[in-house]
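Some notes on the structure that comes next.
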Amino acid sequence: MPLEFEKPIEELESKIAELEGFAASSGVDLSDEIRGLRERLARLKSETFANLSRWERVQIARAPGRPTTLDVIAQLMTDFVELSGDRTFGEDAAVVGGLARFEGSTVVVVGHQKGRDTKENIRRNFAMPHPEGYRKAMRLMDMADRFGRPFIAFIDTPGAYPGISAEERGQAWVIAQSIQRMARLRVPAVAVVLGEGGSGGALAIGVGNRVLIMENAWYSVISPESCAAILWRDAREAAKAAEALKLTAPDLLALGVVDRVIPEPDGGAHRNPQAALANLKQALSETLAELGALSPEALLEDRYRRFRGLGQFLEG
Amino acid sequence: MPLEFEKPIEELESKIAELEGFAASSGVDLSDEIRGLRERLARLKSETFANLSRWERVQIARAPGRPTTLDVIAQLMTDFVELSGDRTFGEDAAVVGGLARFEGSTVVVVGHQKGRDTKENIRRNFAMPHPEGYRKAMRLMDMADRFGRPFIAFIDTPGAYPGISAEERGQAWVIAQSIQRMARLRVPAVAVVLGEGGSGGALAIGVGNRVLIMENAWYSVISPESCAAILWRDAREAAKAAEALKLTAPDLLALGVVDRVIPEPDGGAHRNPQAALANLKQALSETLAELGALSPEALLEDRYRRFRGLGQFLEG
Amino acid sequence: MALERLFRRRRAQGEARDIPELWAKCPKCDAQIYKKDLEHNLYVCPKCSHHLRMPASKRIEMLADPGSFEETTRLRPTDPLGFVDTEPYPKRLERYQREAGRPDAIVGGRCTIGGVPSILLVMDYAFAGGSMGSVVGEEITRGIEQAAQEERAVVIVAVSGGARMQEAALSLMQMAKTTLALDRLWARRLPYVSILTDPTTGGVTASFAALADVIFAEPGALIGFAGPRVIKQTIRQELPEGFQRAEFLLKHGMVDQVVDRRRLKAQVAQVLGLLHPARVRL
Amino acid sequence: MALERLFRRRRAQGEARDIPELWAKCPKCDAQIYKKDLEHNLYVCPKCSHHLRMPASKRIEMLADPGSFEETTRLRPTDPLGFVDTEPYPKRLERYQREAGRPDAIVGGRCTIGGVPSILLVMDYAFAGGSMGSVVGEEITRGIEQAAQEERAVVIVAVSGGARMQEAALSLMQMAKTTLALDRLWARRLPYVSILTDPTTGGVTASFAALADVIFAEPGALIGFAGPRVIKQTIRQELPEGFQRAEFLLKHGMVDQVVDRRRLKAQVAQVLGLLHPARVRL
């Protein structure tokens, strides 16, 4: 199902396909006309995608078919061994992680995991973790430290689960602990915002030496809908909230919240996952190479300085 | 309520008291007779207590009125601040702990806690911890390390709670983790078996550089009742099991499982808690002074060597 | 603080009503309390011990040793995103500043507590519900760094609706910044005590407030990550009695003690005395 | 191993019953399985995939690369307490040794697993239900220390009713000893994989078996601290279906994967390859 702003493009694409089919079956030469339409399509795409509103980008970030953490691992890594559980309370399918090889070297990976259909989404609680999911992430951080391997976190959550069960088991506590644990990693830590970066639930695995973000991902303190519900008292004002929150990749790069924007193909990663993942691979590879040169102490200090500098205020 | 073997003593004591009362109110001089009876009492006591069977010691270890962890803290320490919770799941009243001063210096203390009456015993689950109790203990170990203060553990449990709730939350895992965490302490660690030392539930906080034991405490891999139920298929054979298990302080000293036996007054600590606690204080004081001279690395190595040497076997 | 704001607003509206200014009503037991008595009782209802919200300045009076407090907070907020909702963020800031009488939702500085050299940081609910933006994050971070440099303990009184929406991702980053700063205390073995008061939710709970060596909560305080309204929307049911209250948190292992405000100073001083490097041996 | 013990006892009683020796019955689906087929299928029922107990020697065959295994375990038990219940401990030991064909409940040594230099330690249920006394604790400890010295990975197959009563407190101390030994692997970043098989309970679960970097469990294996009988006595109710089974442990976050025995070698080799220092970069 196309997103709202994708509809004209999809319609034009299907018209072109129809004409091509007709030309092929009838033998009528329509190559000039088709070429013209293709140019028109290219223009329409670049106009649409060059001027995406923030709210449209949020929709791309949530688009079905957008690569999830497990897709990224499957495509960019080998030898993945999924590890489960927090050794304390439970296994949380909203967070996945384990060991894998990236470009031949062992890394520890973790990420929020959305479902690819409704059934899987229910099982994975729409990638909204409970405390045990974050404790699993912390266990994987321990492992990265233990074996001196880089830690890579993929962020893709609307937020930590806001429910009774999560509060009972210390959602706030575990998010704080996970932030602290990740800050203490003595190995290179990279966080990549894949799709949605919803608040503390995202930041819990976001304390990288470098924070990368896919071009159409969003990352902020609150979702546009919740923000609109509070400030405009109307969740339908989400588009306005998205604008106000400056939650897109270019915004965040300007604010220093992220370090690098990973380009997506026209229309977003869901329209061409392979291309998006190739860009992600390159960015990851370059980032890990850069961080690989730093000692554990330098990595700690680098991470401290990175987050220490964030915020804007006036000296009194 | 006196223990079985205490009854003749208690009866003689009350007879003497009666005579003294009669002598005082009537003016009849019974001082010779009373002196004679007192000598007889002393002989009876020393005969009884010098020849306590292992099973009788187990009963003393469980006697009502025997000092509990909180009694020890209240009597031997000052400025106690009780700390609660495991920051993960719950607060377990079967384990208590916190900060306190011992001889003017800050220490971190933890211990199993029995109730002083049925109501409190139910609240404290008869000192049988759930996983959250051990996680509380581990949090206190973290604190001892964080602040470079000695860690003192008082052992007094029939065992870790054997129930569904405990198994669900990883009783085996948390005991293993607690053993490991305590082994990693970079500060002096002392464990004192106060009363009952039941199996893994006791050992979880028993990985001290030194392990002390009260004269009438027991410490073993299983309680005499459970052992009897398995080996004799009859829990009433507990006395035999107690003999076979060699679970008393002198036995354990001979095996190298404990490093020092803290004397109790005749009849056991419950008959004169002040005297027992004075002995405990001296032992603790000397032990901490000895360990205080060691560096963090030396403490780790000392603990490793201590436990590394335990066990008996033949080279093949 | 709710009461103060109420009175200030009434004055601002020019209503000359003497009686309501002298008396307050306990929101729990409805008792009419003479305002001076309430203040003397540290804003705890003398009838039912309900803990009313306490102004930040009174918190400092209560916790710092008399005469020892020296304010160091001084940053002012700006508008990094050009945030406009129903009104521009700078307008809101002006109103908050007027209402709270300070530049942002925090006040703090050097002091001693029970004789222990400390940095005391107190959040102010009167300013935008104690929300955390760049200024709060930076002041907390500076306070912690200063404590590390000067060998002081850290005491933070939290009260907050969470991270401040109008600074969006920058507010979120304050969670990381303050958390990372806490590690600077470690090497010097300096203690940090967190006091959770009504309400402490969102990004403040989920960062520095939850990471103290010792955590005290005030009786009845609402404490959590998600706010009750959000949770109710999620589960579409009423929340259980006592949910997310201090006592609930104690039961679930998240706080060390629920402490009556009238014992709080003594309790904090005792912990600092036990843990500050200059005091671990007497 | 239950089947083997069964057959051995029958032989000992001199009964010449050929048919039962050639066939085994799946305890789950009651299928009659030709014994050779069962062995070829790694003691997994070909009908219902039930995992039957597997002899320790077969475990080594399954996990070690062919021809690579070199046994190092060699200690013999003694009777440190002079333990007598219905019979003296030395008598029991003799019987166990006869039944299991080894001196105590463990066998292990050097090998490679998927080419990774390893120490493989396998507990033997046929010896006193895999109970841990001084010999098991010492062999595990030596194996771990040896791995640390020789830069080998550690793989332990656990099967145990718990600590051995007849060595009482010394058995208990093996929990600490083995746990402490594991820290020797840390400095050299050597991986440790634990495999929990049916049953793993008591002091073995609550020490080295639970502390691996990666924990695999076999389908349907009973795993826990307290045994089901003890728990039933405590709660005086029936235990829920599936309680303490491998899948229950996975759901409760205690193990990384429940792995079919026929995939186990590959899975272990993959983990070791990812984590052993000589193999983290290819």
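Per-chain residue numbering starts at 1, and chain names A, B, C and D are given in the order in which the chains are listed.
As a convention for this text, contacts are C-beta pairs under 8 Å (C-beta built on N, C-alpha and C of every residue); 3 or more make two chains touch, one makes a residue touch a chain.
Keep in mind that what you see is a predicted model, and the values were worked out from it rather than measured.
In this assembly, the chain whose C-alpha centre lies farthest from chain C is D. For the interfaces A-D and A-C, the C-beta contact count is higher for A-C.
The mean-CA centres of chain A and chain D are about 42 angstrom from one another, to the nearest whole unit. We define each chain's centre as the mean of its Cα atoms; on that basis chain B and chain D are separated by 34 Å. Our note on geometry: chain C versus chain D, Cα centroid distance of 54 Å, whole angstroms. Each of residues 210, 252-254 in chain D touches at least two other chains. Residue positions 87-89, 135, 169-170, 173, 177 of chain A are each in touch with at least two other chains. Contact between chains, as defined at the top, is found for A-B, A-C, A-D, B-C, B-D.
Chain C makes touch with chain B in their complex at residues 186, 189, 191, 210, 213-214, 250-257, 267, 270-271, 273-275, 279-282. Residues 79, 81-92, 99-101, 104-106, 132, 135-136, 143, 146-149 of chain B are the ones touching chain C in the complex.
Interface of chain D with chain B (complex): residues 73-78, 80-81, 83-86, 103, 133-135, 137-138, 141, 163-165, 167-177, 179-183, 201-203, 205-211, 223-226, 230-231, 234-235, 239-240, 243-244, 252-254.
The touching residues of chain A, when paired with chain B in their complex, are 87-89, 131, 135, 169-170, 173-174, 177. Interface residues of chain A facing chain C in the complex, by the touch rule stated above, are 160-164, 166-173, 175-177, 179-180, 183-184, 199-200, 203, 206-207, 219-222, 226-227, 230-232, 240-241, 244-247, 251-252, 255, 257, 303-304, 307-308, 310-316.
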